[in-house]
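All chains are identified by letter, namely A, B and C, in their written order; residue positions are counted from 1 within each chain.
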Amino acid sequence: MTKAVLRLNGIERSFAALKVTDCLSLDVLEGETHAIIGPNGAGKTTLIHQISGALAPDAGRIHFDGRDVTDLPMPARAHLGLARTFQKTHVLPSFTVLENVALAVQARAGSSFRFWRAAAAEAQLNAAAMAALATVGISQRAPIRAGALSHGEKRLLEVAIALAQAPKLLLLDEPMAGAGAQETHRLVETLGGLKGRYTIVLVEHDMQAVFALADRVSVLVEGRIIATGTPQAVRDDAAVRAAYLGDAA
Amino acid sequence: MLASVRIAGLAAAQWQALAFEERLATGLFLPLALLPVAAQVLGGYLLVIGERAMILGIAALSLQFLIGVAGLISFGHAAFLGIGAYAAGILASHGYGTLALALPAAILSCALFALLTGSIAVRTRGVYFIMITLAFGQMAFFVATSLAPYGGDDGLTWPSRTLAFGTRVLKTETVFYYVALASLGGVYVLMGRLVGSRFGRVLRGLTDNERRMEAIGFAPYPYRLAAYVMAGATCGLAGFLLGNEVEFVSPAYMHWQRSGELILMVLLGGSGTRYGPIVGAIVYLLLEESLARFTEHWKVILGPLLVVLVLFGRGGIAGIVERWRLGELSLVTLWAASTTAARTQRERVMRGLRRAEAMGAGVLDRTIPRAKASAAAFAARWRQCTMSVGEAVVSLVLSVERSISTAIARWRRR
Amino acid sequence: MPTSLILVQLFNGLQFGVLLFLVAAGLTLVFGVMDFINLAHGVQYMLGAYLAVAFYRLTGSFFAAAALALPASLLFGLVLEVVVLRRLYARDHLEQVLATFGVILFLNQGVKIVWGAAPLNMGLPELLSGSVPLIEGLRYPVYRFAIIGVGLAVAGGLYVFVNHTRLGMLVRAGASNAAMISALGVDIKRLFTIVFGFGAMLAGLAGIMVAPILSVEPGMGDQVLILAFVVIVIGGIGSIRGAFVAALLVGVIDTLGRSFLTDALRLVLPPSPARVIGPALASMAIYLLMAAILALRPAGLFPAKGRA
């Protein structure tokens, strides 16, 4: 029985009178790429925020790697191995690409309360950072300021930062959002290369990418998961068709 | 002869090899180091101004670390100047004014104050943080005014400068000057190291994008609090030196206007570099001295100057320096910019005038016929009114006359 | 400590609190709607007092002076906004702090040039110069009651305005999301000017009311400004209700602390240290209150909802 890296039990979250997450339970197994799809307003972003620790659920428990992390803040969960990318790109614009990733390595490489040595000269941090950049394929952009990158490159940088955290779980929030055809293709390729080596939770709208990458798919509608299964099974599910994919799919 | 040429050549080569910032720092520290020599000729007052500038430079550097690196705009930083000076001064007034006691006391009491107030203030951001630091600074001010045994409002006069190693060596102005210079140099080097260290990098990252830093595992609070304590402690060193320089401390050191002046020095010099705050402190002191000689109401000039600086001076003096270095600034572009500005301003005024004219004409165009029409309508109604009134009067008179003549006729027939 | 003394100081604290509310209300609105940190609000208060004194010298009547000084301070606030402050809305907080600091320096010194540095005085209006009996053997000045009354009336009026009028709704909406209501077609510039002018007028009103009972001098607005900041931080930025509660709290605690803390300490400490610690603690009291409240609720007691 494969271990569940992430287990959500009965998660509830409301904003005033609006119930955004409704008694949601989900298991993500080790090594799988699990996609979460659903129409706009289904509560996907709120769910991601609750998993990563940006938002606290009103009820329910979240278990990560066997530990109850419901009450832990975001930095603590990051230390346990939960890495995420953002739907709206969040890189450090005034740092170089290399430093962006090096900081992620630094977070797990001992105390950051060191005041004398130049951090940019630490060879170990830089080597690990370059490795992450190579996996993603943007090593040649290492000395460029992150703010000057193209949109697609920033997306890849976000993935590199997440990889540099040596994650037990990769939480990808709509990585293809706003990406052109070429960039999407590159992203799918890169993510495909990570399949199997990392446990990935992928929130996406782009159906092609989902069906190309996902081992299992969960469908989120109005704060509740109405179906979980292989992409094919979900595509054929009547309830899913009615709620989301449309009968023409 | 050949040797001196070679030395000069070597020096020139060394100079070229330094980075721009280092060249500027040398350009700053070298004159400061040679100031006492000039003071022999021009008068000891120069030394006092130099000391004050360097001490305030230390305070400004610590504040610039908070503002520029940690992103915390503190409006109560002058409190640390006062606390450092008071700590050393109180010890001195009780007879414990030795270096081994007074300096650590100044630095540690500032660190403690920073820890206590920072633990609450650093949890907030932006406007809240500014106001809270302002409030805590004012609190320190009021506590100092209520310390009656230590002079209260009038302040505390030190019995003497801090005794170093049992001697009054700090009493010699030149020695004190070089102590201040060494402190400034030390703080300068320390700040440089701090910014490039792991700790500095985390702080800079938190200012750049806090969300991203949290997502990779850096909780903002401990780092920012540490930065606040460090800045406070460094400013405590400045306070210790300040109290020593004038052998006096008063609550005025901690007044919120002094905090404002510190922020001004940072902004004047430019908050992106290390030499900026020092330059800012020097320029501010010179400005204060020269304006004060001009008129006792010099603040009435400084005020608008500040506003102008904020509105039009991007990046302060360091910003100007950097732009000059990058070639963005030259006399030609300045001249071009000023003529363009003059031209656009002229055009704007002309457009405004034309618009006003059109508006006025439009008003006239619309109102005159309207006024005429309403006047005509009024006249018509008046005519109608008078006519009808006139008619009524006439018919009344006629009916009266008719009834009178009928009555007379009846009376005659009788 | 006789209850009469406590009662007097309680009312003094209420009066102080009500004045603080008038100053803080305008400030918190400006913060909330325009995200603009305005250090020059204190000089608005000071100018209200100076204008009241100036008009009093002209007309000889308090009420005439007040009636003239109020629109004068509104006008002054509007001029200040149009000439200087308007250009700062888009700047970051540091620059706003510095520029308004410059305005303070200019006006504090300007007032010194025009009226001299010596404190000015103004007599109480005839109508309100008496005192009324509170309880057995205790009288309290009518004028101070009047201040409390006016302040409460303004508070009530503000509450009605913000919650039950269309303009008030715009102000509340602006406090949550100025960009959004601008996109909805509301003239944001005019709204800002109205909010600012209104706040300036309230501060001026406070200055006018305080002129007969305090000495009017340059820099009198600075400490009031800082207290107003404390009030806003405690009450929550953008919240009028918060400013009201916090202002009364701060006014009462500050007044009672200054009057009674030293004596209270003398009950537990020997007189000599009590005489030193007492005043020090009293001056720290409201800042400690602020610290305590922030430790529990970093956004204040009633933070305006929806603020980023």
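As a working rule, a contact is a pair of C-beta atoms (placed from the backbone, for glycine too) under 8 Å apart; a residue touches a chain by one contact, two chains touch by 3 or more.
Everything numeric here is computed off the predicted structure, so don't read it as measured data.
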Among line, ring, star, complete and other, the chain contact graph is line
Note: of the two pairs A-B and B-C, more contacts are counted for B-C
Chain A and chain C have mean C-alpha positions lying a whole-number Å distance apart equal to 49
For the pair chain A and chain B, the C-alpha centroid-to-centroid distance in angstrom is 43
The distance between the C-alpha centres of chain B and chain C, rounded to whole Å, is 23
Note: chain B residues in touch with at least two other chains are none
Seen from chain A, its contact residues with chain B in the complex are 52, 54, 73-76, 78-79, 83-84, 86, 90-95, 99, 103-104, 106-108, 111-120, 122, 161, 165
The residues of chain C that touch chain B in their complex are 31, 35, 37, 84, 87-88, 91, 93-95, 97-99, 101-110, 112-113, 222-223, 226, 229-230, 232-233, 237, 275-276, 279-280, 282-284, 287, 290-291, 294-295, 298-299
Residue positions on chain B within touch of chain C in the complex are 67, 73, 75, 117, 120, 123-124, 126-128, 130-132, 134-136, 138-139, 142-143, 145-149, 256-257, 260, 263-264, 267, 297, 299-300, 302-307, 309-311
Residue positions on chain B within touch of chain A in the complex are 193-194, 196-202, 204-205, 208-209, 211-219, 223, 226
